[in-house]
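Just below sit the structures, each encoded as structure tokens.
Here chain A shows up in two complexes: once beside chain B, once beside chain C.
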Partner chain A sequence: MRRYFGRKLLIYGLTFFVAVTINWMIPRFMPGDPVSSMLSRANVAQPEAVEAMRAHYNALFGFDLPLWRQYLNFWGALLKGDLGISIWLFPTPVTDVIIRAVPYTLGLLLPSILLSWFAGNRFGAFAARRKWLDNSVLPVGYVLTATPYMWLAILLAWALGIVAGVFPVAGAYGFDLQPSWSWEFVGSLAQHWFLPFASLFLVAFGGWAIGMRNMIIYELEADYVNYLRALGAPMRLVRRYAFRNAILPQITGLALQLGVLVAGALVTEIVFSYPGLGHLILQAIQNQDFFLLQGTFLFIVIGVLIANFVIDVAYVLVDPRTRTGMGGQA
Partner chain B sequence: MALKVTDLRVYYRTLRGEVKALDGVTFSVADGEIMGLAGESGSGKSTLAKSLIRLDGRMRHVGGTVELDGRAMPLSDDTAMDEFRFRKVSLIPQYSMSALNPTRKIGKMIGELLESRGERPDRAELERRLELVGLSKDVLDRYPIELSGGMKQRVVMVISTLLNPSLLIADEVTSALDVSSQKAVATTLLGFRDHGLVTSMMVVTHDISLVYQIADTIMVMYAGRLAEKAPADALVNAPRHPYTQQLISALPEVGVRYEDRRLTGIPGNPPSLLNPPGGCRFRDRCPLASGQCAEQPPFAEVAPGHFVACWKAE
Partner chain C sequence: MSEASPEAQPRTPTARREALHFALRNRKLVVGTIIIGVFLVAAVFGPMTIDHKPTDYVGPPMTPPSSEFWFGTTTFGQDVFAQFLYGLRSTFLVGALGGVLAAAVGMVVGFVAGYRGGWVDELLNMLTNIVLVLPALVVLLIVNAYLGVRSIGVQALFIGLTSWPWAARAIRAQTFSLRSRDFVDLARLSGVRTPKIILREIAPNMSSYLFLTFILLFGSAILIAASLDFIGLGPTDSVSLGLMLNNAARWSALQLGMWWWFIPPGAGITAIVGALYVMNVGLDEVFNPKLREM
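Showing the complex of A and B:
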């Protein structure tokens, strides 16, 4: 057991290292120069002053050092929890910017991932044993899961937001409100949350339902099911066993899908101008904000790795066969 | 009379028509009798075994009746059959190695199975029966993956006989085993009967020499019909049906060197069961065939307990 998790942690550590390194590299190899854009924003006419400012900013962000030095400094600062200063929102520290955006992204992601997984599996298992449901719902599921997140998001925004006018299509709360713990604000929050959530939920739901439906049909043909049926076990017990066995590949699927779901959430946030991490990434790229981009990516990498680790642990708990692979002790 | 089968017909539905896998089968198994059921692939022996406990989706009960301990079994009514299953008729399947739910501990699975049938799990009795097949009670706290293939099969044998069924069907239970395990399984089956855990038994196999060691009677099937049923000794040493004769003579014998005399098989192939020819189905491969064989011979008793379906067997 310890060796298994030791190995897992090592793999996660390596992944983290590589991902963070790539995060550091990507903005630096993007075309463009953030300091120049800051200078043009400052609108200074004198060339000497511009030069002086350029030197000041370069020293401030550490761009005057050789690349390898910058890389080492980056790790040094990272280990102290310092992600640098945002260029876009200068001089706010990146950590503050991210912490302000994280609740919105988590508020979207966690419910949509968990609910779609839970509901999709339940519904798929349910559909697998009703022919009419199977025949009518399955094509809908295929269409849903094949839909790109942003396309469905745009469609929902258009249909329910513009045409029907039921939901607002942009922002996380009404533009006329200040964040507070009032009913009015929470209500507005929920109203703005619904459409992005629904678009994420629906796409993922279709995928899980189809996967579960196929797995259940496969499991109901398995030998242990035939044996139980030959001994007269009621369908109730058989279905419980089949569900338990069919859920295992779905757990693996959840681990594999996490990255895709996070990416989907980022794009959805952009569609709805939802002030989460996806919105930050877009702004960071448009403003050449190296540090904000690095910081946001870092946060996403950590999130996906933690979620995968949790799923690894869960898998060990639900499938005895993974335990025997850990050196004999069950 | 434990089991009485009368003119049983079970067909398979296929896209090309009905396959008459079991086409008018009449026989009985006495209390305490171990009957071996032999035949080649496609002879209908597995169809017969399955029909008595659970028809699968493609099988259709076309005609005939089955009585167990004097009560008619509703073969085609899946729900009504549940009452018989496990308590009255039970099965040791061909796929014992994969018959256990991989994500439940064996003890827990047995408990849940018994409870779902409205039976009270009796831990002491269960442990006693495991001991009978040479397993320690520790297996109850293990997952199926932690057991060897042979252990899994023995667990399945214990589960299947837990409610002391009147009829136990063992479907090709020795087929995937090495000879020493085959011997052990055969002895265990015999023990089940001798300890009174099961009343009668039907041992389906293609291995006549193995079933000869434990069976009281052997029944041979050919192309969906019965060819011969007789006490084991009579069937192996003095078979009357030409098919049985050729089947027995195709078995290697101890002490005979096959250098000078090649072991011969039976020339030809069994007929298609999609549209089987009328009359005796062995006719095309039979050395004794004559004009009379165009008519189906009855499954007649030619000596006490010795039934043969052949015009030439008088």
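Showing the complex of A and C:
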């Protein structure tokens, strides 16, 4: 088991290292010059002022130092939690901007991932090999899982928000409210939360239900199932065994899907102008705020790595083979 | 996923006829193929029937669907139907290019790692795991944000380079189970070189599996591209379905009730990707006799 976690942690460490390196390399080696594009955005007419700003930005990025020095400085600043200063919300540090947005994204992501995973697996297992349910669930599941997250979000916002007028379609709470612990505010928060949550939940739910349904069908062909059936075990018991075996690949699947789920949350937030990380990314791109964009990138990578580790721990808890070092899914 | 080890040898004519027999009777496969076929025809030939550019201002602004403009017009009087047809073309292009590239990288990594084993395997496995854990869309966001001019080709290139890992993993596992079979040993003993063994002995025996992998990569490339376009990092030189959604959201089509602007592009993506997934399951049932429902 120690070897299992050792390997995992090594991979996560390396991944973080690669992510930071990508983050450092892209502004320096991509075609195009971020400093000039920022200068042209600033729209200053006097040439002296442009020169002064160019010098300022070059010093800010540290472009005048040798490359290896820039790389070390980048790591140094990062370890101190310094990701630079946001241009969009000048002069707030990027770290502060991101930390303010993270709770909103987590508040959407965690419930939608966990609930869709549990509900989807239960439902998929229930539907497998039941003629009527299978024939109705399967097509719906495929349509849901093929739907782009932002499109379902747009449809829900339009149908339930604008046409029916039941839910608000922008922001995380009413524009007339200040964040506080009053019932009114919490109610408004929940109301604004529901639609983005629902669209994330639905798309993910379809994927899990189909995955589980296929997995159970594979399992029901296995030898142990035939044996149990020959012994005359009730179908409910057989299904329970199949479910316990089929849940393992679904846990691995959860780890594999994390990137897609996060991406889904980002675009859903954009549809609903929900003030999480997705909204920050949109603002960063529109305002050419590269520090903010890169800071958000690092935060998301760290979040995904932590989530992966949590899933690894869960896997060890569920699958006894990993504990005794007998292999299983590595 | 359980091993879909291909029992059918595709080279013998009877097996091929049997596969065709089941393929034509598989409802999922037939429906999926028809949907993809219809959209493909629309993407290839549709734009030829339109004599103006998709971004031209051709009609009165904000008109609902009519006999002249089948899908209505945008706030600026652009023809939504023309944009849709050109967008379908971009969608297929990005899916095909990104899917082929990802499948190629995944196959090379998977075959080499699975066949060679040892430290080559360790190294490639490490690389696969790193790329697997990195959230692809976020990496693509960063890369694309710094690109001033973006084209579909470059978008597909980066999508291909970030979405191969799970394919590599799956192909590695399959190769692993094939490499100690008798016919592979025989080829090795008679001095056949490694690339040739992989190409002639191993790959054909998992060709159905490779094809299924490609279909899934195709679909996911389309979805990733749509998300990128929607965030505002789409191609700067052409129209795509994701870009249409982006424009619709940016110019408040929702608030203005212009449903004809945002429903077709999303429906197009959903139909294509959904049909690909359904085709994938249908093919799986054709190739794998255990899954056929009698």
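In this text, the second predicted complex is superposed on the first by the 271 of 330 C-alpha atoms of A that agree within 3 Å, B and C clash if a C-alpha of one lies under 4 Å from a C-alpha of the other, contacts with A are read in each partner's own complex, and residues count from 1 in each chain.
Following the convention adopted for this analysis, a residue touches a chain if its C-beta (ideal position, glycine included) is under 8 Å from a C-beta of that chain, and two chains touch if they have at least 3 such contacts.
Being a predicted model, the structure only gives us computed values, none of them experimental.
Undergrad: In the superposed arrangement, which partner chain does A:160 touch: chain B (first), chain C (second), both, or neither?
TA: neither
Undergrad: More residues of chain A in touch with chain C or with chain B?
TA: C
Undergrad: Let me test your reading of the model: by the given contact rule, A:149 touches which partner, first (chain B), second (chain C), both or neither?
TA: After superposition on chain A, A:149 lies in contact with chain C alone.
Undergrad: When the two structures are overlaid on chain A, which partner does A:231 contact: first (chain B), second (chain C), both, or neither?
TA: After superposing on A, A:231 lies in contact with chain B but is clear of chain C.
Undergrad: Applying the touch criterion given at the start, work out whether A:23 contacts chain B, chain C, both or neither, answering first, second, both or neither.
TA: A:23 contacts chain C only, not chain B.
Undergrad: Would you sort A:259 into first (chain B), second (chain C), both or neither based on which partner it touches?
TA: A:259: touches chain C, not chain B.
Undergrad: Just checking: does A:320 make contact with chain B only, chain C only, both, or neither of them? Give me first, second, both or neither.
TA: Touch partner of A:320: chain B, not chain C.
Undergrad: Go through chain A and flag every residue that touches chain B in one model and chain C in the other.
TA: No residue sits in both footprints.
Undergrad: Enumerate the contact residues on chain A facing chain C in the complex.
TA: Residue positions touching the partner: 11-12, 14-15, 18-19, 22-23, 26-27, 30-32, 34, 37, 139, 142-143, 145-152, 154-155, 157-158, 161-163, 169, 214-215, 217-218, 221, 249, 256, 258-260, 262-264, 266-267, 270-271, 281-282, 284-286, 290, 293-294, 297, 300-301, 304-305, 308.
Undergrad: Contact residues on chain B for chain A in the complex?
TA: 53-54, 56, 81-87, 90-91, 93, 95, 98-105, 112-113, 116-117, 142-143, 145-146, 156, 159-160
Undergrad: Would you pull the chain C residues touching chain A in the complex into a rising list?
TA: 1-2, 126, 129-130, 132-139, 141-143, 145-148, 166, 219-220, 223-224, 226-227, 230-233, 242, 245, 248-249, 254-255, 257, 259, 262-263, 265-267, 269-271, 273-274, 276-278, 281, 290-291
Undergrad: Which residues of chain A touch chain B once you look at their complex with the stated criterion?
TA: By the definition above, chain A touches chain B via 222-224, 226-234, 236-237, 241, 244-245, 248, 318-321, 324, 330.
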